[in-house]
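Paired with subunit B in one complex and with subunit C in the other, subunit A is shared by the two complexes that follow.
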Partner chain A sequence: MYKQKLADFIYLLKQNKLFAAALFTLVLLYLSAIFAGFISPYRYDSEDRTKSFHPPTPVYFTDGEGGLAWPYVKDYEFEFDDYHRRIYEPVEGSRNRLQLFPEGEKYNFLGLLETRRRLFGVEDDGKIYLFGADSRGRDLFSRIIYGGRVSLSIGLIGVSISLLLGLLIGGISGYLGGLVDNFIQRLIEVIMLVPAFFLLLALRSAFPLDWTSVRVYFFIIIIMSFIGWASLARVIRGMVLSLREKQFVEAARVSGVPGPVILIKHILPNTASYFIVAATVSIPGYILGESALSLLGLGIQDPHASWGNLLQDAMSISQLQLHPWVLLPGLFIFLTVMSFNLVGDALRDILDPEHEVSGGNLV
Partner chain B sequence: MGNVILHRLIIAVFLLLIVTLVTFVLIQMTPGNYFDQLRANPRISEELVESLEERYGVDDPVLVQYGRWLVNLASGDMGYSFGHQRPITGLLLERFGNTIFLMLASLFFTWAFALPLGIYAAVHHNRILDRIFSFFAFIGMSIPNFFLCFLLLYLASHFYFWPIGGMTSPHYAELGLFARLADLFQHMAIPVAVIATGAMAGLQRITRSNMLEVLRRQYILSARARGLPENRVIYRHALRNAVNPLITIFGYQFTTLVSGAALVEIIAGWPGMGQLMLESVQSRDQFVVVGLVLASGVLLILGNLVADILLAVVDPRVRFGARENV
Partner chain C sequence: MSLLLSFFLVGCAPPTPPDNVLNLGTISAPKTFNPVTARETSSTDVINQMFVGLTTTDGQTGAVEPELASDWESKEDGRVWIFTLHDDLRWSDGEPLTAADVVFTYNELYLNFDIDSSARHSLLMDGEPPQVEKVSERQVKFTYPDPYVPFLRAASNPILPEHLFADISPAEFNYAWGVDTSPDELVVNGPFKLGRYESEQRVVLERNPHYYKNQLDDEQLPRLDKLIFHVVANTDLQVQRFLRGDLDAIGVQAQLYPVVRAGQERADFEMHYSGPDLGTLFLAFNMNTTPHPETGETHIPEHKLDWFNDHQFRRAVAYAIDRQMIAEVVFNRLASPAHGPVSPANEEFYYPGLKEYEHDPDKAREILEEAGYSDRSGDGIIQDEKGNPVKFVLLTNAGADQRVATAEIIRQDLSDIGMDVSFRQVEFNTLVSQLSSDFDWEAVVMGFTGSLEPHFGSNVWLSSGNLHMWHPYQEEPVRDWEREIDELFAQGMRTLEPERRREVYSRWQRIVNRELPLIYTVTSDTIHAVHSRVKNAQPTAIGGLTHNVEYLDVR
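This part shows the complex of A and B:
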């Protein structure tokens, strides 16, 4: 059966170009997060306050006289305008040539070795800001790549915990029935009674607001899983209720297989198709939840980056108006969410066409 | 049917009690008494802090405090907002009203656009417009609300063609009635557009797939075979059966809308419940947080109730109690 599914999967990859593209995008994003130190030209926290809100530096491939040139970026100078805002202008004729594999700031490669080699950079004192800079002159591109580590991993870990909880609690609820089932159902209703966003904020407010980023990171995962398991458990319970009446369960029971083993080895594997699809379409909810919290200043704290807290600069309309590139992290969130939705849609078509699975987004 | 609704309401009230109790206890456990913050605020007199402390009995056990909160709640007093320096009940009602207003407008646009688009797409299955609609529905479903909101705000501020931020312009009070309405609608437009886009995309997809499924049924074939005009087949025979199940979606949609709207409110500066929630969390205005948890829960219950009643109106099986587990 699994061989058949795998064959379906490969067929689907060839047939559905969008699905293949989405999968490719996701792989690319996750790889860039894993190799963030190598891909980003600067560290996420290396600032240069003289370059506050530096605009994106386009990469030039021509020497200005129609001939090709080794790719370079220009230097920028700024003047203050009447409102004391910095207005940057490129310096004509300046040329900072791009370098492949230059030595940059030190970073830890996959936790294995310390190195300075980075994928690209520019010569001498020049700076390359592919996506512009933030208020402290930190490179937005590097920060987005590093931020992906937080944003992308929260989705995966959060969903895994929710699924595990949902599977176990939902399974027990459906299999045992009676009082236990009743209690669990009420518990689920309590969690689902309050809109997720309000519950998220209320839970967040019960803990110190000035926690370090690492603590907040784990805390966010825990509260989002705590909210997220409920809707999954509800569906799993429904499936277990009908599965436990099936003959193969009866057969297992008659042959003396203990209850927990029946549940885990015989019943729950039958819900696999559903929860693979549910997992895929739920991940965006976690990414969005983290983004929302960090965006509001209740999540990952500066100088650490996540796609949500990078968007904080966009919260002020005047900043947004002057420096529209601060929206770029949002584009990454959008791309990720869309890719997961596309993959989820395609997986549903092969795995579980009869259930309308919804992610139940947190925000 | 009435019994069923009453039964559900009783359970809902019971659940709300549990939720508020848990929130209350959790927030009380947080280190840092909010009265300390008050004392640090030079604008608030020591006497006021003491009278408040006495009134809310901060030194009592949590359960006693919760009991007192409940008793006060029964008489319509939800406590005092320290951040806003006014009783919470009035504040909350005001914000509740603003949020409901925003949501009703969003729901209206969601349904007014999603239904016709979904039906059109199903009837013209796999034609070019169907594909275009599906494409946009997919984009709409995937684009994060806050991102879309930022984009629209940026466009509006960049081209200076649209007032943004808040609910009204600063000169609102000087305007005449119609100008006031126009001003209000202009300020609503961006949050409504954002909230409606996300909801619309999902609803349009579901309408389309429901309609497609109904169009494949035998009775549609037989209607066509009898030579009925195509319009009649689609709008009388197919549509009514395709739309009924959508009403159950209404309740679910409401749930996600309340959450989604809260963040959009904050970004667009709409003075609703979401914005109040953020302020209160930031300023540790704990009674407001508990009040908002309660209010948002009530909002969800109301949404589900409306969905139940609508379902009973359109579906006689529900009305006469034939359906189990309503």
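This part shows the complex of A and C:
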């Protein structure tokens, strides 16, 4: 059966180009987040205040006389014009060649070894700003890649936790029925009644200010998964209610298999088609939740990066007029959310053609 | 056809002259219209258009000018001040404004300790109120036990109508004239009276026909029919609305300057530069060693108090801050490094000879090393002699873009010299209560609006002051230099001779510059953008846009 599904899956990839593209985007984004230290040319907090709002650096492939050259970038310096805008001009004759695998700032490769090797960089003292720089001259490309670690993982971890909770609680509720079921269902209703984002805001403000970004990060995950499991548990419970009347469950029970084993080995696996899809479509909710919180200055704090707090710069219309590249983190959020939704849709078509699933969006 | 024609006819009707209206923006709605209890600029900006006092400050020169008083004299070296009111002054409801109103306003309102007045401290001398007496219908006498030099400026507090408040209890007065007051009840003496207040939207002020300058000049003053304050909650939006023409004038923050300036290509307005701003922007540490009255413990851990009270620690911080880069990155180079409590905008008292703390992280590290702070564990964070890592939280109020950006730079600068600083934005009211009643903050980036009279900063600089942020409400000055500043302020208010007075306040600035209870960052430039249709606009750093509001004209 799984072979058949895999074949279906590959067939669908070929058929549905959008699905393939979305999956590819996600894989690429997650890889870049995992290898952030390697891929980004600079650390997330390395700044050069003389390069405030440096525009994206073009990479040149020709030597200016029509011939091809090893890719290089130019040095840029700014002067304030009459309007006190920073006008960046290339420095005459400067040519910093791109380097593959140069030694950059130290970072921790996958938490295993300290290294300075980075994917690419610029020779000498040159700087490369693929996506431009922020107000303090920090490379936006590096910050987006590093920020992806927070923004992308928060969805995965959050969903795993709420999935686990949802499966267990929903399963128990449906399998046992009676008073336990009644109690759990009322609890779920109460949790679903709470407006999620306000709960998030309230809980965040109740905790001490001197928490590090890492602690805040785990805290956000925990709150969001605590809110997220309820709707999932509800559907699982419904599915378990009908599954437990099935003959194979009956058979297991008659042969003396203990209840918990029946639930975990025989009933819950049958809900897989639902929860895989539900998980996929609810990941964007976590990503958006974190972004919103960080955008309001309550989540991940400077100098650490997440796509949400990077977008803070883009809150001002004036900044957008002068430095449109500060909006780029928004593009990454958009791409990710879009991809997850496309993948979720396609997965539903494969796994569960009859059911409509709606993701529990937090925001 | 007939429909078209009728439209045409309407279009042809003789145009009524357009109203003479000035549209200004305000960041937040006024909280009250009560001139005595108002505390925040969102309220006083509006109130100052409706109420005037005995004296005023010239927006151009900063000199004290007559307002309701046509004349004054001082006797006994500044112990006694006698003000003579203009002839035939009237309230906006037509009642006469006399010396009785002045005596009532001072004795029963400003100097009444049951009323919550923020202006009181500028009128008290060593905590003692002056004696205020009516001499005649048009003359009022103020008597102080000692010469009180700053009094002329203090006498600019708005005068209120006795005939409305004669029988009110202090408790009632504290809540009188809230924003729900009907326009008829708000009896004023300034150029404008309240037209209507649309909650959280706009305040519409109308010309006060009984404004005293109406009788003095041969022309009708103010020239404007209406002055409207639109609540636009964000500076960015204010700029956009100004560029669209909805607002006639705005104060331009440095970080938005390029956008406004570029807008000149599309809209017809002028930029006015008025030099450095009167206000200050600084970093402060909590040095409050007074234990909590109930628990008997200090408000923050004692080892942190030890760092913050360590002069060498603060000196190192002063050297670590890159003021030049703050001016450039945050203020687009429209600011200059600041090292003392008086802005250069205050030409009379600004002391130019202060020590300048140039950005020098090596020197900062050296100072810390010598004072016993070093990285013994090798984790990149310095520790004090007892081994506590130097780790604290830096706060500023959320939404204040310039402060947030400045604080982020300071955070980075301090982490470069090995301090583990986390930066948090806090809602303004939360921050105020932390600073003024909970005292559980560690470091903060804040600003003060400046005043031309240094003595009016006594609530900040006296060790007993409520805004003596680093250690407020001290019964006895804890630190020697605080005692010295207390004495200087006591001396400054009694010194009549300007040159000697300047010397007193120069000594104060040198002490602050040396002891660094507040570590100053930059002084931003004052820039206003005013639409060309506004005539006579002469915005200044001292008086802002509205110091000559009665002569502004929009046609």
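In this section, the second predicted complex is superposed on the first by the 353 of 363 C-alpha atoms of A that agree within 3 Å, B and C clash if a C-alpha of one lies under 4 Å from a C-alpha of the other, contacts with A are read in each partner's own complex, and residues count from 1 in each chain.
Note that a contact is a pair of C-beta atoms (placed from the backbone, for glycine too) under 8 Å apart; a residue touches a chain by one contact, two chains touch by 3 or more.
Because the structure is a prediction, the values reported are computed rather than measured.
In the superposition on chain A, contact of A:301 is made with subunit C only, not with subunit B. Of the two partners subunit B and subunit C, more subunit A residues are in touch with B.
Once chain A of one complex is fitted onto chain A of the other, the partner contacts of A:334 are limited to subunit B, with no touch recorded for subunit C. Contact with subunit C, but none with subunit B, is seen for A:136 once the two complexes are overlaid on the shared chain. Legend: residue contacts after superposition of the two complexes on their common chain; A:85 is shown touching subunit C, with no touch to subunit B. By the touch criterion defined above, A:100 reaches neither subunit B nor subunit C. Of the two partner chains placed by the overlay, only subunit B lies in contact with A:291; subunit C stays clear of it.
Contacts of A:316 after superposition: subunit C is touched, whereas subunit B is not reached.
When the two complexes are superposed on chain A, the residues of subunit A that touch both subunit B and subunit C are 209, 297, 317, 321.
Every residue of subunit A that touches subunit C in the complex is listed here, in rising order: 45, 47, 49, 52, 80, 82-86, 135-136, 209-212, 297, 301-303, 316-318, 321-322. Listed in rising order, the residues of subunit A touching subunit B in the complex are 186, 189-190, 192-199, 201-209, 284, 288, 291-292, 295-298, 311, 314-315, 317, 320-321, 324, 327, 330-331, 333-334, 337-338, 341-342, 356, 358, 360-363. Those residues of subunit B whose C-beta lies close enough to touch subunit A in the complex are 11-12, 15-16, 18-19, 22-23, 26-27, 29-32, 138-139, 141-147, 150-151, 153-154, 157-158, 164-165, 206, 252, 255-256, 258-260, 262-263, 266-267, 273-274, 277-278, 280-282, 284, 286, 289-290, 292-293, 296-297, 299-301. Subunit C meets subunit A in the complex at residues 236-237, 239-240, 254-259, 261-262, 322, 325, 328-330, 332-334, 391-393, 395, 398, 401, 405, 408-409, 411-412, 422-426.
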